[in-house]
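Supplied in structure tokens, the structure appears directly below.
By letter and in written order, the chains are A, B, C and D; residue numbering begins at 1 in each of them.
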Amino acid sequence: MPIPAPNLYPPFNIIRLSHVDFGVKDLAASKAFYVDTLGLQITDEDEQTVYLRAMEERGHHCMVLHKSEESHVKSLSYKVFDEEQLDKAQAWFAAKGHKTEWVERPYQGRTLATHDHLGMPMEFYFKMDRLEPIHQKYALYKGVKPLRIDHFNCFVPDVDAAVGFYNEIGFRVTEYTEDDESNRLWAAWTHRKGGVHDIAFTNGTGPRLHHTAFWVPTPMNIIDLLDLMATTGYVSNIERGPGRHGISNAFFLYILDPDGHRIEIYCSDYQTVDPDLEAIKWDLKDPQRQTLWGAAAPRSWFEHGSVFEGLDPAPSTLGASPIIAP
Amino acid sequence: MPIPAPNLYPPFNIIRLSHVDFGVKDLAASKAFYVDTLGLQITDEDEQTVYLRAMEERGHHCMVLHKSEESHVKSLSYKVFDEEQLDKAQAWFAAKGHKTEWVERPYQGRTLATHDHLGMPMEFYFKMDRLEPIHQKYALYKGVKPLRIDHFNCFVPDVDAAVGFYNEIGFRVTEYTEDDESNRLWAAWTHRKGGVHDIAFTNGTGPRLHHTAFWVPTPMNIIDLLDLMATTGYVSNIERGPGRHGISNAFFLYILDPDGHRIEIYCSDYQTVDPDLEAIKWDLKDPQRQTLWGAAAPRSWFEHGSVFEGLDPAPSTLGASPIIAP
Amino acid sequence: MPIPAPNLYPPFNIIRLSHVDFGVKDLAASKAFYVDTLGLQITDEDEQTVYLRAMEERGHHCMVLHKSEESHVKSLSYKVFDEEQLDKAQAWFAAKGHKTEWVERPYQGRTLATHDHLGMPMEFYFKMDRLEPIHQKYALYKGVKPLRIDHFNCFVPDVDAAVGFYNEIGFRVTEYTEDDESNRLWAAWTHRKGGVHDIAFTNGTGPRLHHTAFWVPTPMNIIDLLDLMATTGYVSNIERGPGRHGISNAFFLYILDPDGHRIEIYCSDYQTVDPDLEAIKWDLKDPQRQTLWGAAAPRSWFEHGSVFEGLDPAPSTLGASPIIAP
Amino acid sequence: MPIPAPNLYPPFNIIRLSHVDFGVKDLAASKAFYVDTLGLQITDEDEQTVYLRAMEERGHHCMVLHKSEESHVKSLSYKVFDEEQLDKAQAWFAAKGHKTEWVERPYQGRTLATHDHLGMPMEFYFKMDRLEPIHQKYALYKGVKPLRIDHFNCFVPDVDAAVGFYNEIGFRVTEYTEDDESNRLWAAWTHRKGGVHDIAFTNGTGPRLHHTAFWVPTPMNIIDLLDLMATTGYVSNIERGPGRHGISNAFFLYILDPDGHRIEIYCSDYQTVDPDLEAIKWDLKDPQRQTLWGAAAPRSWFEHGSVFEGLDPAPSTLGASPIIAP
């Protein structure tokens, strides 16, 4: 099944992914991880909640941590172009028969809570409190020097269906992996903001969040994070990498937070603003697809993910399997 | 005079800057500079013309070199979203009373030649030959490993007027320098593609092209280029840098090609896709504006530029002056 | 068994390791690997032999490739301080009952061929042709930008015995791995030139050469080499890494040449010139010993090595085993 | 006047430069600079004195700060190979008629205080308290991540005389600058520990300390320091750089501490352990001598230095002058 033609005039204008809301069991442990180790900045906190931003972001938060009985994901959020687009989004989801609700979110204007074709929670807003720039306050930089949230990656049981849905609302495919036997998609990368992806889909039991990625300046910062984690009690939180992805050509590292939420540290993909950008196809059996340098990903990388609050994942409908480390 | 509110729904949709067309006196010397030293890739050439692209670009060219009696700039080109936008562009310029012409450009579809409010030649197209990706052909990388064209910077005699014109067609200001006494703009950075700029304007005798910038992976590549130029006969082509800009926060180097066309090597600015991004204001007398680390730019940087073919520049209407190296 | 006290006044003064002489089956394939890919410079060649140096070396060669029926190592060579030290070396080895011979080696002065306690071939010289500096000829740099040969690592069946022998001739231990149960050494790093090692010993079937290491400027150069090898047909020659060693704290990559000779690319260890430097002890079962970031080395890394010409290796006398990747 | 042949068997064995002792007027300001900004580690302190070490050093201190009425240098210290060498040093200096004294220095064993041919204070010791390694405690790294003290550079009124004296005690010249007209040395770099220098000499009013240098991992750390200093109130403490030296090929930055003591941040020179290393000659008028990339040093760099306590400097006896920035 080929990837669909991009929808260049979607029903409403999503600018970019915006933030993730995690349920975490131990707020202090999460702060030690995200603030002291990764280097995100706290923009607000109380006993139940921590708001974080990365160094070049001026919106109030790219991550919200909620103290929770369970480790889970509460929602994935997106910023739309303006208020008009927000109303168009509500109309579109409602017309599709998806539940829509206007919800209150601190530091945000009107916020639409809805879900995708699988029930995966999506929130949209057009206005968030804007903060003072800190990207030139170099004394604040630490850890991996995270600059901005870059993308989400989700396990879904049917990648073709996910690409179909997200393509309809304007996410354009940049790269994809096809299973040669079934001609079905095994994974796909789709973007709104002009990089390789705002959200990607990986075949597997889903919907579950596979990872959330942060953009950092250079591979050297990823090496610095590895040295720091390895010598501050986080060596077992290092799951995969460092390496260069075949897909996206980005330099990467995957780590696990104290709740098992997977974080990717990511840099140096490429610009994709051209509407006629040709998607790049990869073969599922190509070992350089996942790591250009040939190293296979560990089994956990294909199996472990974060559930969405109150949402039971379903097994994949596609049996094909990539190369997994022994 | 404050900067204008961004025009979020411009009359036609420009995606990004696309390419520059230089008149050069010695094609062999220019090739030695751009191909052997900087590392751009030749996509076509004959005795009169060389077409070049950078490593992650799939469009046929980001730079065209034409053998010429004079060293000058023939045009600055932009890619629009689709063919409909091209016709809208033509209508808009024509309605403004600007001369418009459909011209033939090799490897491009229908191309509109027109000019801005100062007569500076602008060309628009929606379709260019697409080439095989080479961004993972690492054996081809050399020199500074240029990834893509990033922006133009032009001398103009009235920066407020330039910002007014370009803002009308959707270029949004990200940072600007104001002269505190006159409250006039001394410089401004404006973008379409989601970085700090596609085109910037600097106060001075104009219109003239101040520089064309290429994006590279990391500051280390800029250090590599300096080492290479310094030991292959190009030491006097190094004009300014390396350094970190206050404005844009980017790491930079300015060099001069054999015709004196100024090239900036540039990396690590920030993402600007939010339509409500607040422009950052700088004071003309702030020494960290031009170089965060304090070093003043040399006089040549404020005075030397490339003329546009057949276009006489006019002196600036603003007397204010930045800090210049002694 | 503790490591011995360093012999600060050894019988003769070895300055540093100097070069390795490999027997290779396909000289063209070896040149493609060492010259075109790694970036070593040819200093002389004919149909049977290639001489190579790294970028900051002024001695004529750090590696000699001899066309050969077999893939093997012909000798490991060391530079002594002056001619007097060479004669002292000969006297010392002869007194020990080791076979010594004055041999002709192109581009070298008088050269002593002898062997260590296991028969491993060692050659000593004090004078080699000195070449023009090329470390500032940046146009010559390519591949991983190798600066200099850094060290040898050998499999030996009894590390305690090897340390005993090499300590006697002045190699000082900087770090070592002990098997806690037997209190025997599992590995040791010993130096002459003021870095972590000129030669290291690893428990295993030996004597065999485990690897030869080259020093490069920064981890970024190792990433560049990985990208290049991964896209020029060498992906399966990448064996282990990149990573940070616990021992030595160096950033590393292990690759295999066309004959299976293992090469380490290495940077950023530390200065060890103090004669009272305390050796650092590691536990064999510490997973961060081999890779600070926790990744285990593959089985091949513990088993594969290069034989010395005409020398049959013997199995290890120590049963203890490190952590091996599944 | 040619440089002298190296004295390969000097009267006593100096291992390396060890530490500098600065008189500083404001201990809190110095700590903010050296500890919070540069990233040196405090190993002991009281109200009058601060002891500092760099990240890979195991000796107790590489810098001592003494609260003082004046900004000056109290001494430059060197480590000798063992106690026997210390006594040989005393005998040698005494025989030369130089004042020698055994002094008490905290954390050091027997310490010889003496002076060079110009009265410049030199101290020698063989034993200093050894501390736990911290080079893998990555949570402690900050600022420029200083790894070790690398070298001193001194203004002297007669460089030929200084090279003559230091050559006698085993310092070997690696590079030098000659004034073509007088055939006299304008500058020279001399080493003991196997890098480009432990101490260098620059023509000028002297003896005065020109700078003390620290070795850092990569040029990226120097860029990080520039960003940090530029945004924490130290922009005017940045004097020169970043750049690549022609001489030594090292990447450098010069900054001034609160007392005006000049610090160089330095990385990536080359190995010089070969006793037959040929010194590299540079012409005083070669602009790439000081900066490979062509930028001239500012006048302050040629004129400003730190006086030694109680020692009046004398003007240079050589009139020749290098290229100075306008």
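We adopt the following convention: a residue touches a chain if its C-beta (ideal position, glycine included) is under 8 Å from a C-beta of that chain, and two chains touch if they have at least 3 such contacts.
If you're wondering where the values come from, they're calculated on a predicted model, not measured in any experiment.
Chemist: Which chain has its C-alpha centre farthest away from the C-alpha centre of subunit D?
Modeler: The chain lying farthest from subunit D is A.
Chemist: Same or different: do the copies subunit A and subunit B touch each other through matching residue numbers, with over half of them shared?
Modeler: Homomeric contact, same residues on both sides for the most part.
Chemist: Roughly how far is subunit B from subunit C, going centre to centre by Cα mean, in whole Å?
Modeler: Computed from C-alpha means, the inter-chain centre distance equals 50 Å.
Chemist: With chain centres taken as the means of their Cα atoms, state the distance from subunit A to subunit B in Å.
Modeler: 32
Chemist: Using mean CA coordinates as chain centres, what's the subunit A-subunit C distance in Å?
Modeler: Distance between chain centres, rounded to whole Å: 44 Å.
Chemist: Listing for subunit A: what residues touch at least two other chains?
Modeler: Within subunit A, the residues that touch at least two other chains are 136, 218-220, 227, 230-231, 292.
Chemist: Sort the chain contact graph into one of these: line, ring, star, complete or other.
Modeler: Topology of touching chains reads as complete, every chain touching all others.
Chemist: Could you pull out which subunit C residues touch subunit B in their complex?
Modeler: Residues 136-139, 218, 220, 224, 227-228, 230-232 of subunit C touch subunit B in their complex.
Chemist: Mind listing the subunit D positions that touch subunit C in their complex?
Modeler: Of all residues in subunit D, those touching subunit C are 8, 15-16, 56, 58-59, 79, 81-82, 127, 130, 133, 135-136, 147-148, 193-194, 217-220, 246, 249, 268, 270-271, 273-278, 280, 292.
Chemist: Please output the residues of subunit A touching subunit C within their complex, sorted ascending.
Modeler: Listed in rising order, the residues are 218-220, 223, 226-227, 229-231, 235-236, 238, 242, 244, 251, 287-288, 292-295, 326.
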